[in-house]
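Quick one: this structure, given as structure tokens, is what I'll be asking you about.
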Amino acid sequence: METWLSSLITATPQEGYDLAVKLSRVAVKLTQPDPAVRERVRPEYADNGDALIAISHVVAVNFATVAAANDYWRSAGDELPR
Amino acid sequence: METWLSSLITATPQEGYDLAVKLSRVAVKLTQPDPAVRERVRPEYADNGDALIAISHVVAVNFATVAAANDYWRSAGDELPR
Amino acid sequence: METWLSSLITATPQEGYDLAVKLSRVAVKLTQPDPAVRERVRPEYADNGDALIAISHVVAVNFATVAAANDYWRSAGDELPR
Amino acid sequence: METWLSSLITATPQEGYDLAVKLSRVAVKLTQPDPAVRERVRPEYADNGDALIAISHVVAVNFATVAAANDYWRSAGDELPR
Amino acid sequence: METWLSSLITATPQEGYDLAVKLSRVAVKLTQPDPAVRERVRPEYADNGDALIAISHVVAVNFATVAAANDYWRSAGDELPR
Amino acid sequence: METWLSSLITATPQEGYDLAVKLSRVAVKLTQPDPAVRERVRPEYADNGDALIAISHVVAVNFATVAAANDYWRSAGDELPR
């Protein structure tokens, strides 16, 4: 597999969220490498409330990791008292 | 997509909770961009006990991230002995 | 919505646990604001083993957050060697 | 409710695990306060593989919290190089 | 119950993983103490894809705890710049 | 079982992700040691949207552990202000 993840550091929280989405999708690709099968099962989850919630859950777990990696994008300006 | 997440820092825990709800919803939108489909599946979860619990779970994971980002909104006044 | 979450700091672990239960419930209210519907789906989970376990899971995630916020209610008296 | 949780600190990891089990059970009691109903649904999960795994998951989440509270019961003797 | 958990510290990551598996199994035993019933439900999960994934999830949560307890088995040799 | 996990430290985030996938698979092997059964249940999850999401969830939990172990692969070059 080509390089798809060279760093967890992103410029903004939103880019970090996009990375979390990507991290969530790659595991699916590694388990089911056939794009035709992935396309076939897509409606199973994209049109299904439970599956959409489950996807959101995975993104949340990955976002926690990316956010921690970026020290929560706390800039010097809004640094919290610790 | 327009900018929807510029910071994880919020003024209060309750605003942090609202942000956690928002983080939970955006993953759904990214997976199912069609608002008509999202509206159609909404009763599947809004009227279903299991789905409501699952949503609460995702919010809990995102709230953990937001709370950590804000150092749990510990003000100087209620700083804990560490 | 009125203010319902002004702090994650509680006096005791048990009050922290109660707060975790509250955090778990609010996400349900925000997703399904109609109290009549919430009341109707309640037996779906209150009388169902799987749902009771799922609720306990959500409370556990929120309790982790509240406990961290309170530095685990470690008093000076039982401070651990670090 | 009487006091059932006065501290997250335990003498040993095993007592911490027992506390994690207790934390997992209390959420069930708070959601379904009727002991007769709880007894009735018990076979649903105690004799069911999926439910037993789900319970183990909740205990794992609570154990993470209790273990962190106790700084993982690292004694001076087995302190790790940091 | 006899002593089965005296420390979270292990010599290697692999022993830590084995401990995570053990932690995952004990909750099942505490909920369903009858070994005959546990044996009866075993095929429900050992031959079932969803259940195998669910078990792997519980092990992952416990492994996170054990890994943190061991400071991720970072030896002086591969200490990271912090 | 032979040595399969000697360190959580990896050179890059992507190798860390691969390790997370491996960690997720080993628990399955330990629960169902028969490769013939594992092969038989494989289509249950590789062709099933819900199962693919569940696998991605487990990988996410393990990736969080591996990422923390590696201090998120923060190189001196992109060290964040703390």
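Quick notes on this structure:
Letters A, B, C, D, E and F mark the chains as written, and numbering starts fresh at 1 in each.
Convention: contacts are C-beta pairs under 8 Å (C-beta built on N, C-alpha and C of every residue); 3 or more make two chains touch, one makes a residue touch a chain.
Here the structure is a predicted model, which is why all the values come from computation and not from measurement.
Counting only chains that touch, the fewest steps needed to get from chain A to chain C is 2. Looking at the partners of chain A and chain F together, they share no chain.
Measuring from the averaged C-alpha position of chain C to that of chain F gives a distance of 30 Å.
If you average the Cα atoms of chain D and of chain E, the two centres end up 15 Å apart. Look at where the CA atoms of chain B average out and do the same for chain F: the two points lie 26 Å apart. Counting partners per residue, chain C has 45, 48, 50, 54-55, 57, 61, 64, 68 as the residues that reach two or more other chains. Chain contacts here close into one cycle, and each chain has exactly two touching partners. The cyclic arrangement of chains, read from chain D in the direction of chain E, is D, E, F, A, B, C. Every residue of chain D that touches chain E in the complex is listed here, in rising order: 12-14, 17, 21, 45-50, 52-57, 59-61, 63-64, 67-68, 72-74, 78, 80-82. Against chain A, in their complex, chain B makes its touches with residues 3-9, 23-28, 30-32, 37-38, 40-42, 44-45, 48, 50-51, 54-55, 57-58, 61-62, 64-65, 68-71, 76, 79.
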